[in-house]
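The structures considered in this document are given below.
Each of the next two complexes has chain A plus one other chain: chain B in the first, chain C in the second.
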Partner chain A sequence: MTTKPPKGHFNILYFASAGSYTSKNVEALPAPLPLRKLFATLEERYQGFRASVLDHSLVTINLTYVDVPGEDAAEEAEEIVIQEGDEVAIIPPVSSG
Partner chain B sequence: MGQDTGNHNGANGASVAENSAQDGLARRLTEEEFDRYSRQMIVPGMGKQGQLRLINSRVLIIGAGGLGCPAAQYIAGAGVGTIGIVDGDVVEMSNLHRQVGHATSRIGMKKVDSLISHLRGLNPLPTYIAHPFHLTPQNAADIISQYDLVMDCTDNPATRYLISDVCVLLCRPLVSAASVQKSGQLIVLNCPPTPQGLVDGKYAPCYRCCFRKPPPPSSMVSCGEAGIMGPVVGMMGVAQAGEAIKILASALHIPSQNTENGPERNLQQPTLLIYTYDLDSAVGPYSFRALKMGGRKKNCFACGENSTLTLEGIKAGNPNYEQFCSIPTASCNLPPEERITAAAYHAAKEKGELPEHILLDTREKEHFSFGSIDGAVNLPFGKFLMKAAAVKRGGGSARDILPPEVVDTDAPIFVVCRRGLDSQETVAKLKELGLDKGGKRKIMDIAGGMKAWKEEVDPSFPFI
Partner chain C sequence: MATTDEDTFLEQEGCYVALTNSPLNLQSIVDRVRSPQAGAIVLFAGTTRDSFDNKPVKELQYTAYRPLALRTMLSICAALRAKHALKGIAMVHRLGVVPIGEESILIAVSAPHRQAAWRAGEEALEECKARVEVWKREEFEDGEGVWRANRDGVRGERVG
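== the complex of A and B ==
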């Protein structure tokens, strides 16, 4: 489903309603990117994405769950930074069945 | 704890199950059991003990639909001793492409009765219990407390949060799956069950630890609205049964008496399975992703250390699940002068009273393909919104995203969608893009969408 991101980029996967909102399953974004800036970066590309999808979605980096800190979180030494070649996923809850 | 059924050490279902499991584990299998379950009993790790644990287990399947049907088939086939099914709906024709436990001959029957009759044919040995109504905050604890493990096969966020909360309070493991359109999710929650409030250590998450708040209703689509592929939801239901069988056969569902290190010892890496099935690229691969999830969250509303959630509270309406899951969104309401009913639009058109105009139909192209009002131009809503946002952000003009006949004339525009919401938003966006030429050009919404068209104008219209 995904090819390696180009140099200096990471892949971001959009599942379920995130995919419908962006009309994409995957795209490459410039790396490195501090995790706390991820939602703002995406909101800039897809207006309204945050309120409709991101705020209630869970996020993984390289198949592992991460807590997304608030944007106003202080810069910390241990801040998570999305690196070149990483695979990030936006996973909204699905309810139907 | 002040809960009549919530104490994990008390005389509740869990410890009853544990005791009976102990008794039942010593008996011989009957000849029929031996024959019926032989192929799964010889699988390494299962054995006679695993089988007897299944026979002594009680599983509650909430929802007898696209997930519940395949899940129930394997739960029944495997020989789980008591199987309860909760659902208040009746079987409809449009269910049958995916809800494989029902039948054409049982359309109109209660889903629980239909599914149980199918399961009895498969395996008459289990005890089947019908709960022919929907799960509510009032009945949830009474029902769930009668079972060892819960399978969430429901179709709405409010019930998902309710089930998870009650499972936390009653110390029941929860196998939760969901599916819509072309993707599915599966996660095992609260397993091994750990009493509410214990956070010192690594414990399994609940639904709220994973999905803290529900999506806005506008972005939440049901299978009835967004569609669902049978094999996708079927796959998730089957995987759900697999997890439940594994938990029961290895006795992970029994809360440890020794809460100091019991649950932690048995904790498997909590994993969210995501299945994606891409219809658009027929040659593209399907994909499974197993995502490593975090454990119980310290500040979780339901299971965290300062949680105030109680069974009594839930029964009394606190929290309010419906409200929690229906946060009002910025849905727009156009003034009456910008709306016309489907009947009025049709009448005016028939009488030749409508000037030359443009009719935009904002349904997805799959819906549009079944039929549309004469002369309608398809402008799928999702793509339009995105493009409109791009124009607003980066400049460019309406010309880049709309057909030329829409931009280059002053003819009035009418907008119709499926049920009358997207069309209102489209009218607002078109005005934002300047297409109303400062109010000179009329842009109108056809109220109630194609649903209203079918009801008011053309009963034979193929509306999905």
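== the complex of A and C ==
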């Protein structure tokens, strides 16, 4: 299994095309991070990642699918925030079978 | 890495799902769903093809988000077992390098009568291809490699 992220971080897993684009399968990013800022944070690290991969991908937090709100979404009281120790994954379109 | 090379499986009443890096065994998946109350067992074996759009493929490589893929496979199997009153349903996907012509997925279902078994087998494969968190990479003879999408260009649907 994935190594536990360092204190104050969460793990993000990159599968298939996400892994090819970032040249890694997993990395630790600073937590907490509001979910609506996730794609912008990743785009900053990997230019072009959003259009190539993220816009066609789904996101899970701790094995549960979540809706990623747009960045301009108003800050809401119940907004999802990625927490220290969470496991986030980028799920590109699947191709089993 | 998020994954290990060990076999992993989940099971609950009448349902068995697994991911493995080893060659798949047709007889053992059939035996998993065998039942004295069944009048039919349908087995589907998906094998790796040597070309994509006439381009020669050297080998295929599969990777998975193992814990999530197993969960999704089990939820597909449990839903189909209830819908078609199956006696048993099993789904095993191979990961890692799968040489051309070998099985990458096996699905076996048993039911009292053949109609339900045929239908459930087909639905299980379609649901698996649409939802299970497994990815296929085709390595072409010319050295290029491509991550394939079952619904190329289509955004994935959120699944429960």
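Quick note on the criterion: the second predicted complex is superposed on the first by the 92 of 97 C-alpha atoms of A that agree within 3 Å, B and C clash if a C-alpha of one lies under 4 Å from a C-alpha of the other, contacts with A are read in each partner's own complex, and residues count from 1 in each chain.
Definition applied: contacts are C-beta pairs under 8 Å (C-beta built on N, C-alpha and C of every residue); 3 or more make two chains touch, one makes a residue touch a chain.
Everything numeric here is computed off the predicted structure, so don't read it as measured data.
In the superposed model, A:Gly48 makes contact with chain B only, not with chain C.
Residue contacts after overlaying the shared chain place A:Val26 against chain C, while chain B stays out of touching range. When both complexes are overlaid on chain A, the residue A:Ala89 reaches chain B and chain C alike. By the touch criterion defined above, A:Gly97 reaches both chain B and chain C. More residues of chain A lie in contact with B than with the other chain of the pair chain B and chain C. Overlap of the chain B and chain C interfaces on chain A: residues 1, 15-17, 20, 25, 55-56, 58, 60, 63, 65, 67, 89, 91-97. Those residues of chain C lying in contact with chain A across their complex are 1-2, 4, 46, 62-65, 67-69, 71, 93, 104-105, 125, 128-137, 147-152, 154-156, 158-159. Taken in their complex, chain A has these residues touching chain B: 1, 15-17, 20-23, 25, 44, 46-48, 51-53, 55-56, 58, 60, 63-65, 67, 89, 91-97. Chain A contributes residues 1-2, 13, 15-17, 20, 25-26, 55-58, 60, 63, 65, 67, 89, 91-97 to its touches with chain C in the complex. Within the complex formed with chain A, the residues of chain B that make contact are 63, 65-68, 153-157, 160, 177-181, 183-185, 210-216, 218-223, 226, 228, 233, 236-237, 272, 274, 276, 278, 284-285, 287, 289-294, 382-383, 386, 389, 392-393.
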